[in-house]
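See the structures that follow.
In what comes next, chain A is part of two complexes: it sits with chain B in the first one and with chain C in the second one.
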Partner chain A sequence: MINKYRWWEIVGIYLGIALFLMFILAPFLEAFLVSMRPLNRINSIPYKIVTENMSFEAYFTMWENVPRLARYIWNSFFIATCVTIIVLIAVVPAAWAFARFEFKGRDAMLAAFLAINMVGGAVLIIPLFQLMRNLGLLNTYMAMIIPGAAFLIPTAIWLLRSYLMKIPRELEEAAWVDGASRPYILLKVILPIAMPGIVVVAIATFIGAYAQQFLFALTFNSNSDLHPLPVGIYQFFGRQTVVWNEVMAASLVGILPVLIIYIFLQRYIIAGLTAGAVKE
Partner chain B sequence: MTVGQLKLDNVKKSYGDVEVIQGVSLDVKHGEFIVFVGPSGCGKSTLLRMIAGLEEITAGDVEIDDKVVNTLPPVKRGIAMVFQSYALYPHMSVYENIAFPLRVEKRSNEEVDEKVRKAAEILHLTPRLQHRPGELSGGQRQRVAIGRAIVREPSVFLFDEPLSNLDAALRATMRVELTKLHHDLDATMIYVTHDQVEAMTMADRIVVLDAGNIAQVGSPLELYHKPDNLFVAGFIGNPKMNFLEVIGKGVEKDGVRVEVPGVGEFVLPVTAVDPNSVKDRALTLGIRPEHTHLSEGEIGLDLQANVVERLGIHTVGYANREGQDEVICTVQSGSAPIKAGEKFKLRFNAKDCHLFDADGKAFTRNLDLKGLGLPDLD
Partner chain C sequence: MQAMGGRPNVFPYLLLLPALFITLAIVAWPLLETVRLSFTDASLKPTEEFIGFANYEKIFSRNFPEVIGRTFYWMAISVSLKMIVGVLGAMLLNSAVPGRSFFRVLVMPPWIVPIAIGVFMWRWMYNGQFGMISGVAQHLGILAGPYEFLGDRTGAFYSTVVTDVWVGTPMVTIYLLAAMQSISPDLHEAAWVDGASRWYRFRRITLPLIMPAVATMGLLSAIWTFNSFDIIWILTEGGPRGSTTTMIIDTYKTAISRNRYGEGAARAVMIVIFLSSFAAFYFCMLSRMARRSLNNDK
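== the complex of A and B ==
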């Protein structure tokens, strides 16, 4: 297919992209600007983009104001990483099974996974709390990691399954004929070929785990040493004032691990890794 | 190399109520090149996959080297398989692709290296060993897939339409290479194809499959000259054999007398065991397009040419008899004087005719294949 556009069509397309990007990026920009302003300049009427005395001061004072901030960021990172690892260990073989093997209840289970996503964590938070209490897991990392992983596994199975289904069955049959066992096939044939798909699942899971931990942390954890960043940020909310510039600075610093992970992993999303496997 | 005997004993395969392989029996000797051929959906690939151990066997036995292998996994059957889509591992080099079966068996590095290099030598892949499959042409990829089969040194090689993804020129080259390979390795090979040219050129024996049944087993020329039934007669040969409705008149000393409506009565040199199966029965006369002539021949049909294809070496004419829709095909010399839209007389000899009864079963032709003077016919 040939896509040929006139100049004004191209301008239109980019304007459209810019409009939508603005909605996504404007909050980030505003957060950045707020983090630069001194506390008494945060609410300015009329709105000014550049205010007096802009500085990076908040990025330094926040560590003193909330001494355990670094710990919170680490906790967030640690919880999301554990969730991602657990999800990957569970999902890779599961998705392969769902993609390849015929077994009773397969389709029903897949449908149930979708249904779980529709319900979501917030609805189940009270029963989950009781479960955590009975298991004695309240106020541990596990209380945040286990439900985090449990709620992300179904989506991850769906994601990876559709990727694995595109891997030609002949590859496995060829390996099977050559005497490879199923675990050997999974490890030596499927995993390397599915790497781009697995990376996508890993990124999606990490971001998901990073975003959803607020709910579980708030409910299942009262040990402030274990709080992830979204809960930890509450300590900037004083009795009289909210230290908005430091809240924003801490939020932006808290996003950094996700950003770094993303940049690190996206190198592995190489298009066309399966080229030459079979004749299409 | 082990002996590569294969025996199928009334092998059946059903999916639910549908029986796709309806009882196939076959004996394959060591070193034979057997081709399964048939239209799509005839079960040829399923049968091959059952021999390979990729499909379960519903009933019957598959024996390799006198051992029933029905429930054994592929690797324990002593087979190696080459797939239509090559099925190469894209993330491994050509070397590692060929070495894969040996790595699975955890052979020593020296042994792997020796065998891979030997296979690469045979298949002219040595300069390509460090490349990825994605960097190879279709023919080279298929050779890598064959290399992966060779290093296993199996009793039986199985090929599932290995050439159908290649272009015509490459296919002809690979056909010759495979025939040579078969000769060099002295191995038993089972080869599935829908391409009758591949079947005719490569096979020691062809197995023609029709809807899950064996229609006929025989050498290529046996199938060409003495097809057992209408299906084989129509399937082997290109262009397809022409069929005419005729009426049986009776059995005579030299053959069967038939009446070609509107043309006359002729005696065809075939053997009918039961005279009752002939007299006043509707029979089918078969004549191959390449056995029709413009000048000589006892039987003559008045035809009108519809389409004339000039291929240089041949002229292929498609014609029909006046008032009849049935297309009759003829192959003539490159400069044959037939023209689309014009009438001509097409002639052929009774000795070239095939005759089939109402059930499509052939009357045996009084033809001695040895009398054809072919050097390689035993």
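== the complex of A and C ==
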């Protein structure tokens, strides 16, 4: 075994990790503490980390006081789910094409897909706004779903392509020799074997779609009934009296679903996320 | 799969159709349309006219050079901090101490939760009267009184940087950690047998071997940071007095808040030009690395 740490090295490492994690987790801790404080204690000076009368009350009262909160959470889920479905429909065949077939312009197209990752939605906001207006999609779910999906497709293609390349091609060739058509092979041979990879892509896409619901909703939608949670809460900020403990409670409830998914599937998610950045 | 199907393949193109259709409509066409609009005086009025380079002359005679400088300064500080904190974090999480797999799980949340919601939390933290940072700093005697972090130009500028670092660090850390873990333990053991200290091994083995990963991540991170919109918009909307107005924020304000599509498009085209040069750099680096690893395999 390689040299062991001396005691002061171990202390140093734990101290370093503690500092590092404090930076990462402090906002969550702060949000939790604020959500637990009674409203008249939030604005108390001097600052105290723990104040008297902490309770979960805000988590119950927020459903009445933050208008449409349940609706916002539902919208967030609905938008992220639709984005994931569209991405999968587009990506599964595309990734198969890139992984298995040889055709003119394949590498150039693959690189072009990669290049899409370099342009953020905000850069293209003007023509996108006009496009949504001309298609009559402003103030509909579609205005948030379609652009959201487009920007998640490239990473998903890369992720699934590298997974499909690891599947032995003999299986498909055997089916081909037996006279199966190519659509049949895609649906009945590839889809079942690639399921684990597709699930990873679906989870990564869902989390991405859930995380990025701000710009398009802010710009293309002014119908409060359709807003996803981040924009719903953001609009709440402008009001005269912001009920901060309930806003923080709502924020925490809004991130809970992704945190739960993450805790159970973190190994796959980390693999998915890092593969998206590695690009080979 | 040449064996499958004799005639020239149309099939792969059919497979690509859905993905191509969406990305062409939502990314490629808008990109070209932005370039076209940048040469027009498009606004809310129903007609638009071709006006040549007038938009570009206009923006460059105004505050635009200053905005470019600020954007690069903002990006440089943010990316350097992300890389430094990321390397340190990856080093710490790579050390063989009990509990490390648990600590690794705790790193990721800022990256996976909705960015906007994470930024709401920061907005409260930066509050001078009741926020945690100002409060704790006063308790520790660092600050004499309440300090509104988003209230003045310098404070707002660096506060948005810190939040951007917070969002970006998990990805950098996890990516570099993966790079560190792919280093063969044999290398470290051989060096250890020869009497190399831990610091020496870090400098001569770990650091050179993760350098390609640091370079790749640094460049990707620069591209993402350049595109960053949500963080600044939610914290300051580009204020106070323009101190956090980066190129993206500037474009959005011109185009969407003030409905000057032509002028906004000219600003967006400048962003695309910068982004393309980053992208070109990134692709060159990837292909250089691919070639080098091929040579090593021989």
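Everything below uses one rule, namely that the second predicted complex is superposed on the first by the 212 of 280 C-alpha atoms of A that agree within 3 Å, B and C clash if a C-alpha of one lies under 4 Å from a C-alpha of the other, contacts with A are read in each partner's own complex, and residues count from 1 in each chain.
Please note the rule applied: a contact is a pair of C-beta atoms (placed from the backbone, for glycine too) under 8 Å apart; a residue touches a chain by one contact, two chains touch by 3 or more.
Bear in mind the structure is a predicted one, so any value in this text is a computation, not a measurement.
Of the two partner chains placed around the shared chain by superposition, chain C is the only one that A:5 touches, whereas chain B remains out of contact. Of the two partner chains placed by the overlay, only chain C lies in contact with A:17; chain B stays clear of it.
In the superposed model, A:115 makes contact with chain C only, not with chain B. Once chain A of one complex is fitted onto chain A of the other, the partner contacts of A:171 are limited to chain B, with no touch recorded for chain C. Shared-chain residue A:199: touches no atom of chain B or chain C. Taking chain A as the reference chain, the count of touched residues is higher for C when chain B and chain C are set side by side. The intersection of chain A residues touching chain B with those touching chain C, taken from the two complexes, comprises 173, 176, 273-274, 277-279. Against chain B, the residues of chain A that register as touching in their complex are 168, 170-171, 173-180, 184, 189, 192-193, 272-279.
Against chain C, the residues of chain A that register as touching in their complex are 2-3, 5, 10, 13-14, 16-17, 20-21, 23-28, 30-31, 33-34, 42-49, 76, 86, 89-91, 93-94, 96-97, 100-103, 106, 109, 111, 113, 115-131, 146-147, 149-151, 153-154, 157, 169, 172-173, 176, 182, 186, 207, 210-215, 218-219, 229-231, 233-234, 237, 244, 247-248, 251, 254-255, 258-259, 262-263, 266, 269-270, 273-274, 277-280. Looking at the complex, you find that chain B touches chain A at residues 52-54, 73-75, 79-81, 83-91, 100-101, 104-105, 132-136, 138, 141, 145, 148, 152, 165.
Across the complex, chain C meets chain A through its residues 1-5, 9, 11-20, 22-23, 25-27, 29-31, 33-34, 37, 85, 88-89, 92-93, 95-97, 103, 105-118, 120-122, 124-125, 129-132, 134-136, 138-139, 146, 166, 169-171, 174-175, 178, 185, 188-189, 192, 198, 216-217, 220, 223-224, 227-230, 233-234, 248, 251-252, 255-256, 261, 264-265, 268, 271-272, 275-276, 278-279, 282-283, 286, 290.
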